[in-house]
Structure formats: C-alpha cells, structure tokens
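Residue numbering begins at 1 within each chain, and the chains themselves are lettered A, B and C in the order written.
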C-alpha cells in the first residue's frame, strides 16, 4: 500500500471571542491509498477539525502549525490558499483529489439549484467535461448512489428529497471527479438508523469500486468498526489510540477507548466482537 | 466591556455621534447665536458665501442670512424627525402588539389595514394629508407618521407572535390578568428592542420626507426649513447655486449622522446580546 | 451588517419557512411522483401564489378606496364649492348643484355611488383641468412608468452588481468603500440630487437638457424622438435611480455576507469549485431572493419619489400631476392619483410574486404537491 496522506505534528488553534481554543494538538497520522480509516471521538475531540484541515477548509481565524504531506503529484490550480503552506509537496484540490461529505445533508446542497446541476458542475470543473457530458456523468452517478428514477432526479430540487436521498446526492457530488480520498465527516449522524445503515453500505461499496481511501469520522465506534480497517481515537484534540480495527476493539490500550467501548451496551457489543474476526 | 466603550470603538458610530452632536448643538444654539427672526433681512441680496464674515454663508434672494436660516432650519428638521419617528413607533408598536396578541380576525383586519397603508405611497399620502388639513408643523408630523408606522407594526407583530408562546405569558394568564394588560405590560416591553432598532431609519426618513414636503411648499410657512431654502434657491440656480447646495449638504450630513449612529447602536446591542 | 429596508414581513413577501420535506420519510428511497413534473413546477407555483395574493390584494384595494373616500369627505369644501369659486353662483345655485350631483345624500349612499363609479373606471371630474380625472391621469401615466421603469432597472441592475462586487470579498477595501459610499448616497435627498445634477450636467457642462421630456415642437419622430426623450430622461432617471441603487447595493452586500456563512457554501468550496462560480452561481443567486421581494416593496417608495423628481425636472408625469393637484387644491384629482398609484403598486407586487416563484423553487411547493 502506497502512502497517500501523511500528517506530521499538526496543531490547530481557533480564536474565538478573544480566547484561544486548541482544537488539535500535535497530531501525526498516515493514510495509505485505498485504506479505510476511521476517526472516533466525542464532540470537541477535534476530529472534524482534522478533516477540515486536510481539505483546506479551516476558517481564516485559525492558527495552524505542523505539516500535511499529500503524496500523489497534484498540479495545483490557483492555489492562493492561506493554508497552502501546510502542504509541503503538492496541494490537493478539493473535489478533484479529496471528496468531502458533510454531516447535515440539508445544509450541504444549494437549495435553489437542481441536484443534477450541482453534481454536474463538479464534473465540469475538474474533469474538463463539456456541460452535456457533465450532465450525463451526473446522471450515471445518481444511478450509482441508487437514487430512484435518476433522469427525473436530475431535475429535482433539494427540498423535494428526503434526508437520505440528499446525502446520496452529496456523496455523488463528492465523488464526481473521482477523488483519491473520501472524507465522510459524521456523514450518517443526522440520518435515521435504517437510512444510516444504507448509506454506510453505499459508502463501502463506492470506496471499494473506485479504489478511494476513506476517512470516516464518527462518534459511533460500532459504526466505524463495521467500515474501517484502522481506527484512531481522539480526545480533547489529542490522538490517544491508534491501530487496526481488530486490535483497537478487542484489546484497547488506552482507558478512554475502553470507556468508549463499554459505553456501548447490550446488543451492540456482541456483533462488534463477532465482526472483528474478518 | 461596557456598552458605551464598545460603541466608541466603532469608527462609524463615532462619526455618526459627532454629526448628531453637532446637529443638536446647532439646533439648541440657534436662538442664542441668531436671536430674532431668521427670516429678517440681514444684508444685501444674493451675497456669495465667505465674502463678508458677518454673513459667513452669504444671503439669499431677499437678503436673509443663510447661516441663521441654516441654524434655525436644523431645529425644524430635528423636531419633525424625532416627533414623527416617536409617533410612528408608538402607533406601530401598539397596533402590532394588538394584532400579534389577539390573533384571529383582529389580526387579519389589522394586517390588511397595514397592507393598505403600505400600498399607498407614503409620500403621496403625506401630500394628500397636508394638502387637506393645511400645512403646519403638527400636521407634517402626523402626515409623515401616517406612512411610517407600518414598519414598526410588522416588526412588533412578528416579535409578539414568538413572545406570546412563552411561559411567562401563560403564567400571567393563569393568575387572571386581563388580556389587554398582559399585552401591554408583559408582552410589549419585551417586543420593543427590534422595533426600536428601526428608530434611526425612521428618523432619517422623516427628516428627508419633511425636507421634500417643504421643498414642494407644503412645510410650515412660519418656520425656516432646509427644504424650503432649497426650493427658494432653485429660482436662482444658475447665478447662485450655493443657496440650494448648502442646505442639501446639511441634510446629507444630518441623515448620515443618524444612520451611522443607528448602525453603531445596533452593532453594540447585537454584540451585547450575543455575549450575554 | 445593517440593511436599510422600510418594509419587513409584508404580506407581499413570500413565506420564509421552508415547506416540509417530501413525504417519503420512512419509506426507504421511494421517488416522489412530482419529480417528473418539475419542469412545469414554476408556473404552477406562480399561479398558486398569484391566486393567494389576488384575494388579499382586492381586499387591500377596497380599504384604500374607503380610506380615500373618507379623506375626500374630510376635505374642506366639496366639488360644488370649487365649481362655484370658478364659475360663480348664489346659494340657490349651490343647493341645486348639490342635489344634482348627489352631494346632499347620506354618506353611505355617497360611498356606494363612489364605489359604483369606480367600478366603471370613473374617477370623477377634475376641476382644475375641467376634464375627467381618468383621462388626465392616463395621459400622464406612461411618462411616469417610463421614468420609474428605467430608474428601477438602473438601481436594481447596477446596485446588485456593485453589491456582488463588494460582497465577493467581505471586509476588503472595496467592500468598506462601497458600504460607506452607499450609506452616504442613501442619505441624499432625491430632489437635491436632482438639482445638483442639473447644476453640474445641464448648466455647467451642458450635456443634458434642464428639464422636460422632449424638445418642444421639434417635430421629431421615430428613433430620433426616442433618442430625444432618452436624452431628456438621463438626469431624472439618474436622480431617482441612484438613491435606490444604494439600497440594493447594501441589501445585496448584506445578503451575500449572510449566505457566505451557510454550510452549502463551505460544501461548494470543498468540491473545489472556482471562486467565481461560487460567488455568482451560488452565493449571489441565493442572496438575490430578498432583493426581488424588495422590488415590490420599493415600487411604492419610488412612486412617491417620482413626485419630487418630476417637479425638479419638469417632467409631465403622474408625480408632477400630484403636485399640481396640491397646488390647485384639487382634492378629487389628488385622491384619484392615490388610487391609481395603489393599483400600480399592487400590480407590481403581483408581478414580483410571479418572478419570485420562478426564482425560488421552494415557494408554493407544498401546495403544488412537490
């Protein structure tokens, strides 16, 4: 497995109302090509901050130290980003190299533009496709994410879709330009349980089909264990535990990880143990 | 940080406050600096400004002192602006509270009436009112308020709609308070802040409307008004444009001062509410 | 960011609450049948909105009519007095005329007569012009419509463009400059701006004529005449338009600042879309919506503004007619103008509602079955 992303000693501090809040403290991580990586933590653990840092989306008022190495060569386009100094080798471009799926599907899609156009514009921007071809690709993507009646769905507006359907659209837009890394930041947390399972299954399938690396961020360790090969546990901005899923779930080294696992009562614990055999 | 200090940190607020303070000073000082009738002849007609230092801004067509007129005109603008805004805010707040609190048919009827007042152009309404009743300061104030009360009414109603679901209102009902009493003693005071946020916009609009009415000859004939000065200057626009320009500049600075101060206050209170 | 607007939540404003999410929750991944009808969705929603507003608007106009009638009654002296003043006559004549014109009847009867006349589009007789009020108004209306239409196009077009320019980079120098500049412009009295424009461009530079709508008795026709009228309209349209330009600029700027904060903008950035695309296709497009609503609310203000502008520039339009009516104490004419203005405002608001339905796919969606 070749390296895709290497994070070294990354620290992020937010400036809020005059006070400084340390969101990430000296994080070091590696993600390999095609690897399914989960980051677990509770609110405020800094997991979303890490995702935003990798995607170059941190707010301008944040202070960042450390480095992120994006290994594949990536011709940066108009990279006058404030955060480009972070990346020593090449600058990954959102959409083309990294796909991002946000937590709230209702909020991550433009309410006044058709769903099809929003996916097509990503393909048009990064793949150099003419609009007609971009629309065709969007339609194919809608079919891939299993949205019913893709031809009609292309012309639908977000308010006509359910939460799960909107998240499928968001995923389609995220992978439209065939990125090498898919970041799912609490992508299922706002959905109903049945829909949640469907989306997780969908992500798993898409990631396998396209050979993408996956960075799955969640507070639900059971969900992560189903999906990921490696798990990193975050707490108050620090990386407290890291290892393969099997190892972290069955033999956690840190007390906090143990506490997280124990917090899953009854029904969850048994399937967890059974699955880690695979 | 105290609200006053935060207010003083915004450059716009400071500029606005300076303008307004100057305006108030001018208005209050007018009878001191220029006692007597500002409409009395003070010198030769159409004297340009800066020629004679006893008449710093020159004289108009009839030889009246422009600076004196300017000072006295400030009193009219300020008086009308503040009075009309106060009337509009008061009427609007009351009607909005009634509509929001009563709901049902009362709300529907009051809102349709509000729509009607918003459909008719405010300036035309003021024009008609002054034309029918006759031009005087009080009439001008009412005429302006007739067009301006709808904004505060809608804001008050929106606030009241959200407030009346709150616990303390239910509590007041339980202890048997009369609905009107609840509406005006409990609900209205809490609905006021966003309504008051409109006050600077309304004052500014009132000052501009009064100027326009005076320009058309519908202001109080016994008082000096900036709009009236501009109208008089129009007759000699080619030869003495300064007569029309100077009062206009005064108007712009005044209205700008009101806007800036208002914006400063809104930002200060908004920040304070978000911090608390 | 403080937005200067005089009308909030008017009944002419579309609901701000989004309609319910499609009723497929609980049924995994079913397709709502309305996806297939989305192409004609806009027209359907527009008509639904129209129907809703139309009933309310008629009621509002009725209130305006009754209010106008009451003002007419409150005016000292009536049509007969005005007639006598110009023609002369004795007490007997006054009583005869009063009886003939139905002015000695009960108020309610007179109100009924008034309403009946209005239904026949009869606004009464103007004493000043000795002609039916309707004719006088219709004569002057096109000029005012031309003036207002051009001024609206100028203020909305240029104002929102500058607002987008400022809002593309919040906090930048150009943003602050345009912000302060627009505030100062909004503080300018329209009639004074008109006079200043006359002094600079008509008197000093002589680029444009001082007033009027066209060169008198020039005998020009067709394109020449249009060009002549256009040249005469440049200054009045500028005076009327620049003030409201400031309003649209500030609204667009504030709106964009608001939209920038939304999550879907962050998502668009995450998808690597170019800044230009995000600013125009997403942020500005969303920020445009409240401005379109404002167009409707604005029309009333602009009609009022046209009174002074037409006076300053001697443009023979409806606004100037209002001023003439005031000067001549011709109250029926003035109130006729008010009625016509109210109808105009209602029509503009209805058109704006239709446009809004086309721009915002969420409006009226729940009733359309989307």
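The rule is short, and it goes like this: a contact is a pair of C-beta atoms (placed from the backbone, for glycine too) under 8 Å apart; a residue touches a chain by one contact, two chains touch by 3 or more.
Since we're looking at a predicted model, the values are computed, not measured.
S.K.: Among the chains here, which has the CA centroid at the largest distance from chain B's centroid?
M.R.: A
S.K.: Report the most central chain, judged by the distance from each chain's C-alpha mean to the global C-alpha mean.
M.R.: Answer by centroid distance: C.
S.K.: Quick one: report the Å distance separating chain B from chain C, using the average Cα coordinate of each chain.
M.R.: So the centre of chain B lies 23 Å away from the centre of chain C.
S.K.: Distance between chain A and chain B based on Cα centroids, please, to the nearest Å.
M.R.: Taking the average C-alpha coordinate of chain A and of chain B, the gap between them is 54 Å.
S.K.: Using the average of all C-alpha atoms in each chain as its centre, how far is it in Å between chain A and chain C?
M.R.: 49
S.K.: Which residues of chain A touch chain C once you look at their complex with the stated criterion?
M.R.: Listed in rising order, the residues are 55, 57, 78, 93-96, 98-100, 102, 104, 107-113, 121-122, 125-126, 146-149, 152-153, 155-157, 159-165, 170, 173-174, 176-177, 192, 194-195, 198.
S.K.: Within the complex, which stretch of chain C touches chain B?
M.R.: 2, 4, 6-12, 56, 59-61, 63-64, 67, 71, 74-76, 180, 183-184, 186-192, 195-196, 198-199, 203, 297, 300-301, 303-305, 307-308, 311-312, 322-323, 325-327, 329, 331, 334-335, 337-338, 341-342, 345-346
S.K.: Enumerate the contact residues on chain C facing chain A in the complex.
M.R.: Against chain A, the touching part of chain C is residues 18-19, 21-22, 24-25, 28-32, 34-36, 38-39, 262-264, 266-275, 277, 281-282, 285-286, 289, 359-362, 365, 370.
S.K.: Which positions of chain B touch chain C when the two form their complex?
M.R.: Going through chain B, the ones touching chain C are 12, 111-113, 115-116, 118-125, 127-129, 131-133, 150-151, 154-155, 158, 201, 204-205, 208, 211-212, 215-218, 227, 230, 234, 237-238, 241, 244-245, 248, 251-252, 255-256, 259-260, 262-263, 266-267.
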